[in-house]
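Chains: A, B, C and D, in written order; residue numbering restarts at 1 for each.
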Amino acid sequence: MKIKIFTTGGTIDKIYFDQKSTYQVGDPQAKGVLERANVVLEYEVESLLKKDSLDFTAEDRELINSRVEASSFDRVVITHGTDTMAATAKALTNQTDKTIVMTGSMYPAQYRDSDAVFNIGCAVTAAQILPPGVYIVMNGRIFDPHHVVKNVAMNRFEQV
Amino acid sequence: MKIKIFTTGGTIDKIYFDQKSTYQVGDPQAKGVLERANVVLEYEVESLLKKDSLDFTAEDRELINSRVEASSFDRVVITHGTDTMAATAKALTNQTDKTIVMTGSMYPAQYRDSDAVFNIGCAVTAAQILPPGVYIVMNGRIFDPHHVVKNVAMNRFEQV
Amino acid sequence: MKIKIFTTGGTIDKIYFDQKSTYQVGDPQAKGVLERANVVLEYEVESLLKKDSLDFTAEDRELINSRVEASSFDRVVITHGTDTMAATAKALTNQTDKTIVMTGSMYPAQYRDSDAVFNIGCAVTAAQILPPGVYIVMNGRIFDPHHVVKNVAMNRFEQV
Amino acid sequence: MKIKIFTTGGTIDKIYFDQKSTYQVGDPQAKGVLERANVVLEYEVESLLKKDSLDFTAEDRELINSRVEASSFDRVVITHGTDTMAATAKALTNQTDKTIVMTGSMYPAQYRDSDAVFNIGCAVTAAQILPPGVYIVMNGRIFDPHHVVKNVAMNRFEQV
């Protein structure tokens, strides 16, 4: 079984740039997470975007959609900013022949006690088991993109 | 959906005791991992044993078996030492009405870059999706207990 | 021997606020660092400011100066943003009866592999040994505030 | 100013070997700690031994003594197991022309929240400032080897 991982930026990939006194999206973190976890799946990591998802345009979402569609992999994980993850997920539901699992994190992967590692583990596992469709995996649960909302105050995703 | 997590010791729960100049199994790590990941599932963590799995006796495995069987939860995760995880898993296959997922880690959860957090994420996710049966989740993959072996030299589980 | 630690904000105290998609100065990190290192000195930690040092006003620097002067402690550590640490240090050189050691970090204390813990160790040690005067301790070295500059591109302090 | 760092093993250098289900002394950790802290001193790290200090023989201590004496560096840091650090330190007090600072840690450098990084920062700083002599730097304090004891129950060094 092989999995394709597309990275698009978001909090999960934010690293600290002292020169700018701020965090900005840097190189994808997913590859390092999978290597340190000694994952024995066949997988490929490809960076599509390096943006905060609040800054995604219609073109960005179309890029993600077309690259997923064109992929020869049946099982796809997408790491994405949490703010507009549901929007991108809903736009992907036109694709019915792949298992597409989206995840991200509330804290950068480079942050102590980040949820990034846990979430990537969840997503990679869900991608191997779930039937074709689009899913969001956050906070240890699997959500339908049409029935999920990010509860910003509580720092978690919830079913609606 | 609710998940029961039974902990039994193993490397995942080893902490360093300077007074003894060694690592020994301490309190269960799974609870802290799930809290830091802000998991929104309903779950319960219960410690059954605090032993290296190389030291498990027939009574220990029988304890695990009977406690899993007696549990009212349909979905169970068991954290366990990796050395004899397959043995305990095979003994559990008499139970056909629960989804039972076993995991552990090659490095203690308290160790930098441990695989513990990733593996617990995988197991908790698998437990929510897989149909009744017994599974081992390690190195990002799902294994049938009757067709898996731990490759000690390569530090990973492999299908056989 | 007793040491007073004044915290003023800066990168060392930045924590990630997902709701604002950014890092902001939070509660002082120094206390937790000293506790986890099991430091057996007598010490007190007091927060004076929680600002990026680029945003310090003349009033802020005067606050730091007067609180240090009024302190009954002979040995003082100040955690501070790195961008204007030298400016605050130079303003403190009017005080000749205390050992005043300033430090900070290029990466937040909450960041994996941050230099914060190392630097606080250096500063707390220097404060116990150095004679009265004002010093900057960064990158494992002790600097005279009048002969140091922050090399932003190389992420380090240098003697000039 | 240049510093020589001799490593001798001890808890600070223990890494987890899953194949042996235990921690054993591995490669020196000090170099990585200094690199991640972006230390701008000139320094050299050299491994003399990789043993638990409880297993040191008279020959081991003589090796340490002669290598320190033969070194062209005036300022030396030695990372060492905490159990017999005072013994090695006392044996070094015959050398009166160098600043020799010993440190170690109660938890392996590879362990989350280890005191290793803090202690190495303290030692490297003390080595730059203290006059010739032999010192133990642990728990954020500087000790005279003839007036220090390791309080095992409290996990710290204390002056006596």
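The criterion applied here is as follows: contacts are C-beta pairs under 8 Å (C-beta built on N, C-alpha and C of every residue); 3 or more make two chains touch, one makes a residue touch a chain.
Since this is a predicted model, take the numbers as computed values, not measurements.
Asks: In how few steps can one go from chain B to chain C if every step must land on a touching chain?
Replies: Shortest path length, in steps: 2.
Asks: Which chain has its C-alpha centroid at the greatest distance from the C-alpha centroid of chain A?
Replies: D
Asks: Assuming a repeat means more than half of the contact pairs shared by residue number, which candidate in A-B, A-C or C-D repeats B-D?
Replies: It is A-C that reproduces the contact pattern of B-D.
Asks: Suppose each chain is reduced to the average of its Cα coordinates; what separation in Å results between chain A and chain C?
Replies: From the centre of chain A to the centre of chain C is 37 Å.
Asks: So the centre of each chain is just the mean of its C-alpha atoms; given that, what is the distance between chain C and chain D in Å?
Replies: Each chain reduced to its C-alpha mean, chain C and chain D end up 26 Å apart.
Asks: Pull out every residue in chain C that's touching 2 or more other chains.
Replies: 106, 155
Asks: Output every touching chain pair, sorted by label.
Replies: Touching chain pairs, listed by label, are A-B, A-C, B-D, C-D.
Asks: With touch defined as at the start, can you tell me which chain B residues reach chain A in the complex?
Replies: So the residues of chain B in touch with chain A come to 33-34, 36-41, 106, 113, 115, 117-122, 124-126, 128-130, 137, 139-142, 155-158.
Asks: Which part of chain C faces chain A closely enough to touch in the complex?
Replies: 11, 16, 18-19, 21-23, 52, 54, 82-83, 106-108, 110-112, 152-153, 155
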